[in-house]
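Taking it in order: structure first as structure tokens, then the write-up.
Lettered A, B, C and D in written order, each chain numbered from 1.
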Amino acid sequence: MPIRIFVTGGTFDKEYNELDGSLFFKQTHLSEMLALGRSRLEVEINQLMLIDSLEMTEADRALVRDSCASAAEDRIVVTHGTDTMEQTARVLGEANLPKTIVLTGAMIPYKFGSSDGLFNLGSALAFVQSLPHGVYVAMNGKYFGWRNVMKNRQTGLFEPKRPD
Amino acid sequence: MPIRIFVTGGTFDKEYNELDGSLFFKQTHLSEMLALGRSRLEVEINQLMLIDSLEMTEADRALVRDSCASAAEDRIVVTHGTDTMEQTARVLGEANLPKTIVLTGAMIPYKFGSSDGLFNLGSALAFVQSLPHGVYVAMNGKYFGWRNVMKNRQTGLFEPKRPD
Amino acid sequence: MPIRIFVTGGTFDKEYNELDGSLFFKQTHLSEMLALGRSRLEVEINQLMLIDSLEMTEADRALVRDSCASAAEDRIVVTHGTDTMEQTARVLGEANLPKTIVLTGAMIPYKFGSSDGLFNLGSALAFVQSLPHGVYVAMNGKYFGWRNVMKNRQTGLFEPKRPD
Amino acid sequence: MPIRIFVTGGTFDKEYNELDGSLFFKQTHLSEMLALGRSRLEVEINQLMLIDSLEMTEADRALVRDSCASAAEDRIVVTHGTDTMEQTARVLGEANLPKTIVLTGAMIPYKFGSSDGLFNLGSALAFVQSLPHGVYVAMNGKYFGWRNVMKNRQTGLFEPKRPD
């Protein structure tokens, strides 16, 4: 059965608008990235939205959750901005779906030479094939269960939450 | 415990010699690739050799096997040329080590813009963390057990061997 | 005698801040670009400022003009944001210096894969060696005298002003 | 009147063959490079051949010369491998055409990230617009008259010939 990829946007897919110098979304680069990686995985790509994750509403997160729930596939990768990735992971985790769902993103847009995006995508697609059912964040080469992950705003790195 | 990475060379690490137009090995790009991927995995990198896998001898493969056997780590990634990756995987597989060993490589040198290397490295590092003990090839976004993998010379893609 | 390069910033030198997703200036990439181009020209690089040209004040432009006037060299390249390049060219042109001065910039930051910066820099350095004294803008492969150049805001291209 | 560009091949246009690890010519990248540089010059591109300049015969050089002679344009850029660029420049120079002809090339293929090609192309197109009639080599940011240029095989750099 193919792997489902839900695109939500995030830094991954940002581009530089040369007319006004802003960063914007034009289209997802997922297919291009999979071609570059010579991926031969069967995947189905759906673009749910194309937004900065700071602008993601609870309705948006519900759409991601419902899309995961109703997808025929039980292996799902969600591309997502890093700023609120842990919140969407929580919404997905609490839905307690019998699926392996991996969220990933990038710190630098794919279109800029120095992006971590291709590394993260390779990582997420591997984890989704090999981890048991559950919801995970795949960043910095690691994976984190949804209950114990946060982005450190100072370093830009994902890490386990501090022990209480 | 950290992940051990054994570097053997392969297309991954080839560079263009601008003085004579040949392709050659100068140094491994593994550290640079891990930095680009913002990897925060604990890894130990050892360069065993830096050669084209078509030139790899049985003695070379024995060195890879013995290095895997004697490493303190039980999670090991081996970077390798794609042309004889399946043969080294066989030597490692027949050693039957209680470890997870993942071989990966690239079709295009990392230093050339259009390389699959970063995707494959992300993928291999994820598989090595999540697959049970065994020897695997990670290419094209997939993983293959060492007993059932071959490189298709016509397409450049890895695939299961034909059923007998 | 070497060529003088005055750096003022502009899109050329913008980078992506992965912690907050903004574009910012960290340092000039001129030396790196010259190395990539295998340039063996004798150049002296001075960074006068590192700003977006929309923020350039009349005092800033006076500093560029005075720096050109007092430089020992009579061949000068000024890297500059494209939005107000024509205004700085006018200030330099009206100073009527016995020098060849070429302004150039980029539509896309050098650090992003698809930049026109390296092409423009090669072009500007060639024009500064071969054009007679005067003040020019080098963009889109062309050169324009300072009296008859404007950036078309719709297309992002430089072109002669409409005839009155 | 447009600028004529004659493509002969050279490192500029080499690509990596991922099936056998060799370098080969598939097609010229000139149009792609001009688009990247946001060039708005009127150019006519003709591919005369697509070969390594070490394999260029006297008949090939005669074809380049005759093509330059019969072209309607008097401003011509010739892309060329660096190894025998000075020899083709001599053949063109001795033809003594009333035209400005600039030869350029690259030390690293355009398709590999670290290419000098875009810089050199920007430079050659600027020189061809601004230099008087004659035959020139544009490399390393400089231009050289055809009578006094050689490639230094040790350094890969172009320089004037040693004085006798």
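Quick notes on this structure:
Throughout what follows, contacts are C-beta pairs under 8 Å (C-beta built on N, C-alpha and C of every residue); 3 or more make two chains touch, one makes a residue touch a chain.
Keep in mind that what you see is a predicted model, and the values were worked out from it rather than measured.
On a Cα centroid basis, the chain most remote from chain D in this structure is A. For the pair chain A and chain D, the distance between mean C-alpha positions equals 45 Å.
With each centre defined as the average position of its C-alpha atoms, the distance from chain A to chain B rounds to 26 Å.
One inter-chain figure worth recording: chain B and chain D are separated by 39 Å, centre to centre, where each centre is the mean of the chain's CA atoms. For chain D, the set of residues that touch two or more other chains comprises 107, 113-114, 156. This structure has the following touching chain pairs: A-B, A-C, B-D, C-D.
Looking at the complex, you find that chain D touches chain B at residues 11, 14, 16, 18-19, 21, 23, 52, 107-109, 111-114, 153-154, 156.
Listed in rising order, the residues of chain A touching chain B in the complex are 33-34, 36-41, 107, 114-116, 118-127, 129-131, 138-143, 156-157.
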